[in-house]
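Okay, so subunit A shows up in both of these, paired with subunit B first and subunit C after.
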Partner chain A sequence: MISRRSPIRTIRRALIGLPMAILLSVFFFYPLTDILVMAFQPENGDGFTLTNLSRFTDNYYLGVFLDTIVISAAATILSIILGFPLAWHLHHATSAHKRAFWALVTLTPLMLSLVVSSFAWILILGSNGLVVPVIRTLGIDVTSGLLNSKTAVVIVTISSFISYMILNIYSALQNIDPSIVRAARIHGASPTTAFFRIILPLSTPGIVSGSAIVFAMSMSAFVIPFLIGGGRVKVIGLFVYNFTVQLYDWSGGAALGLLLFLLTIAATWAIAVVGDRLTPWHRRGT
Partner chain B sequence: MIVRGVIYSLYALLTLPVICVIGASLTAGDFLSFPPDGLSLRWYSAFFADRELMRGAWISLAIAAATTAATVAIGVPAALFLESDPPWRRLIGSLFLSPLNIPLVLTGFAMLVLFTRLNLVNATGLFIGHVVVTVPYMVRTILSSLALTDPALPRAAAIFGAGPFRIFRHVTLPLLKPGLISGCVFVFLASLNNVALSVFIASPGSSPLPVVIFSRMDSVASPSIAAGATLLILFTAGCVFAFERRYSLLGPLTGGRI
Partner chain C sequence: MTQAAGTHCRSAFRLVGVTKTFGDREVLKGLDLHVGVGEFVSLVGPSGCGKTMTLNILAGFMDASAGEVFIDDREVTRLEPHKRGLGMVFQSHALFPHMTIFDNVGFGLKMRSVPPSEIASRVRDALDMVRLEGFEKRYPREMSGGQQQRVGLARALAVRPSVLLMDEPLSSLDAKLRREMQIELRSIQRETGIAVLYVTHDQEEALSMSDRVVVMNQGRVEQVGPPEEVYSQPASEFVAGFIGEASFLAAKVVGYGDGTLDAVLHEGDGRLTARSGGGAGTAQDIRLALRPDRVRLAPVSAGEAKIVGTLSGKSFLGPVMRCVVRLTSGAIVLADLPALESGRFDVGSGVALDVNPADWLVFAGNRA
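And now, the complex of A and B:
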């Protein structure tokens, strides 16, 4: 097709994208740039400083960073382990009806407000909830309930974000050409071998993209740690929230937010690199 | 058999929070518990009598409705613009979708700083914030339904002499309708249930329902909170069931790759 793009038409076309561009510039990019600058400015003044950032390099904050990474990594890995069977089940649904039904069940956590699901888990894990009496009959002392722990935060994080993992793995499974699996079976591969040699490697793109989403969301989570951790679980997102909303220490919040953002980008990049290595058709070239 | 059991119990775990909240809201006792202590609807009347919760519910609905309308007005033209293959399409596209990639805790913080200066820490600020973080879903959904439509149709209309507005009204818009509806439902629900952004911008007089629930949870929570949460769940589920059949809600989550 020959493209005939007169300048007037181009400008007229650009006009329809203008509201979006203005909205995001004024209410998104500008304020974000503003807090980025704030991270490098001394409090109440102009100039340039790194003190906002360097105050987060002591052992206390290194521990907070480490805890955040451990919680996010645990939530991500467990989401893969728990999510894969569900994606598999969804992929093998025998009728469109059943698939729609189970897809809806899979999506339930996404349709719940974070505040509602946290609330539910407080009821489940709290001292007079569902789980504690069961553990007590086993003779283990859990007088204070299971809340206010990293384990509880990991559980609620998984239950809130696992849908992203399932959806991503599911779409990767849908993209696998069934004739490859059939060919492997014809050549004598057992169902287990076919799974581990063909299906699992071919679903890595889904696992990788799901992991990147779940990990990034867990890293910056603050609602769940706030409500479930009860002040005992210290993660970066929670500190950013506390610095800005409760302490009004905006320079500190901005600096910590910047560190959180850079760390998340580095981690998702690392996940993508590792995932690339594990994906068979990328390895073939090297 | 074992595998099947594991899968069904995992599905059960996914729905467990919903069941617990609904169950706890029906308690006849004075305290939150699951399983409930007897059955009654008294905490629903307590919810409807609670002025703060009710105001939160109305604010939530109003903001969600206004946000949906604004995302249509802004997001649909933005998607059409991207589809018209402008220069730097990839760059502009990823900028348009970037609110999805910035942690909400940073977006919320940045907006708090801006809105404090502009004196917008109120319902208007909440509305603007919700539009910014949900409009990318609308753009994505519209983009993915545009990708499915036949580009020859609007061209054919143009050849037969239709002007740009006629083409939009009679060709593009009907083709976009399914995507538009699923985008609207998704944006409405995302706004209705949002808490991570709202806690930054909400002020005591203008807190939407999830923020009211959030702020009441650290003190001794009454079962009327569970009633509010249940109403939020039921409303969301109602919207999903009403539309899921005909319009997939998966589009906004997975579609529209730039």
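And now, the complex of A and C:
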């Protein structure tokens, strides 16, 4: 459609976005530009260099990048698997009370400070915590406890960010016309078939957007790997912190931060592309 | 048993004493309905009368609290929806948005493990039938509302069900398209010989399409019969008011003659002669219903025992002029006159009602 809005209306519409634009440009884009510049400057502050970036291309750092991606991907995939049933439950809550209760359960992780919930997890996963004795009775050797491992970081990451997954899937489920499911049932689909052929494909947009959020947040996570990983789990977020706060190497921190930022954008874009492939019916048409 | 049911000996489906209760509230009260093979039956009634619930119980989306459901003489009361072999068309079209038109129409066949080559030919047949050849590769959102509804119909037809359920299938379409679709639907139904249970709140649609009409009210069947019968011989005051238009008057019977009764309208509106018998029996207090197209107006002349009132308004309806006559008690009678004839009467002038005794619909009534 050709837009024939009057210029005044266009300006008015633009004005609505102005406060946010100012906020973003002052408090986000400006420091971001600063970091961008810093990443390409030698440590003495003048000129242009790529050495800040190139020092992170060795095998050690590639391993850290890989670990970060693996932890984030695992947390994302497990969030889908664990989050879907919860979203389903929320979607099928019959009374307002039940829905409110499950919504509260879903949102609780978002209301807690990451630091507080991480310490709670330390108590749970530590060698004297709730979980370790149980695992020991099963005959599995966990002398050192579950903390300070990638597994622990993944578990806590899931518990902290799964709410975003649940809410996104829930809203996708809410958007499915119940008659569509009935149409599948009456024309011969069992409940299981209807789920896999109708409900699951139609909730893909929610899964995709939830995945993008959980993945991006896991990639940039710092508090969880710091407290739960105990220095043994190495992710990029931790190194950015180490470079800036401990080593006072701001150029290194900036370069690493920039690489993490680019990687996260690329991954999110990839998720969006995959999501687009999975939902061809959204793409076509008018 | 009504006459139409008798002509269809083999049953497409039967509801026997179907009752639905929520807590202590009975929303469907012992519903009996027998629909023959190839019959087109409409369920009509005001919202909340239980017509959609009846459809859902037949479909298996909802369990009956009591009673039995048979499809093709097979008891299916507790059978899951996907095992009932039905087809259904929904008000919201309910196409699968993530599937092409081909996959939508072929869905039921795929569920029945029909071989792909046969699916292809049956999908083509179904799309031919609804005149949508060549749309196989499109997605539902790329089609108009009317086209989407035809795809919905094709999807239901493709499984060749013995009963097709339709839940207000045309109510989301505009008036012109709706009329076209009514005719098309009816001819497809005749061609395929599939029994249809058609739920609608539009009584005109029900009258124009159905072999039989089931009028429901408050969880009960008020009347079942061919459209002409339901219209001309309504079994209750409710049916008279719901199917077609009618003006209602209260009267007291003053005498019975040979197949007729004489009655006096309340509050001195006049007296009349009507055919006796029918729904009223020998009640003293009666309610009278009058179709607007059965009323003629006459100039007021002294001495005649006609019902007299004032013409309080006229509105042009196209083929006829609707005249509103206010009787002395304040009761309103509607009369549809040919436009030319209505010119003889001015708004505000006195008019007399001229009604054939056979055209009064008489009901027993205590409601004053």
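Methods note: the second predicted complex is superposed on the first by the 253 of 286 C-alpha atoms of A that agree within 3 Å, B and C clash if a C-alpha of one lies under 4 Å from a C-alpha of the other, contacts with A are read in each partner's own complex, and residues count from 1 in each chain.
We take it that a contact is a pair of C-beta atoms (placed from the backbone, for glycine too) under 8 Å apart; a residue touches a chain by one contact, two chains touch by 3 or more.
None of the values given here were measured: they were computed from a predicted structure.
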#### Entry: Partner chain in contact with A:Arg185 - subunit B first, subunit C second, else both or neither
second
### Query
Of the partners subunit B and subunit C, which touch A:Phe215 in the superposed model: first, second, both, neither?
neither
### Query
Of the partners subunit B and subunit C, which touch A:Thr279 in the superposed model: first, second, both, neither?
second
### Message
So in the superposed three-chain picture, is A:Leu202 touching just subunit B, just subunit C, both, or none of them (first/second/both/neither)?
### Response
second
### Query
Is A:Phe161 in contact with subunit B, with subunit C, with both, or with neither (first, second, both, neither)?
neither
### Message
Per the contact definition in the header, classify A:Phe84: touching subunit B only (first), subunit C only (second), both, or neither.
### Response
neither
### Query
What is the contact status of A:Val105 with respect to subunit B (first) and subunit C (second): first, second, both, or neither?
first
### Query
What is the contact status of A:Phe56 with respect to subunit B (first) and subunit C (second): first, second, both, or neither?
neither
### Query
According to the contact criterion defined above, which of subunit B and subunit C contacts more residues of subunit A?
B
#### Entry: Interfacial residue positions of subunit C with respect to subunit A in the complex
59-61, 80-82, 84, 86-88, 90-92, 94-99, 107-108, 111-112, 139-142, 152, 155-156, 159, 165
### Summary
In the complex, the residues of subunit A that touch subunit C are 177, 179-180, 182-190, 193, 198, 201-202, 279-281, 284-286
### Footprint of subunit A on subunit B - complex, ascending
3, 6-7, 10-11, 13-18, 20-21, 24, 32-35, 73-75, 77-78, 80-82, 84, 86, 92, 95-96, 98-99, 102-107, 109-114, 128-129, 131-132, 135, 139, 189, 192-196, 199-200, 210-211, 213-214, 217-218, 221, 225-226, 229, 232-233, 236-237, 240, 244, 249-250, 253-254
### Query
Which of the residues in subunit A come into contact with subunit B in the complex?
10, 13-14, 16-17, 19-20, 23-24, 27-28, 30-32, 34-35, 38, 82, 85-86, 89, 100, 102-124, 128-130, 159, 162, 164, 167, 171, 216, 219-220, 222-223, 227, 237, 240-241, 244-245, 250, 253-254, 257, 260-261, 264
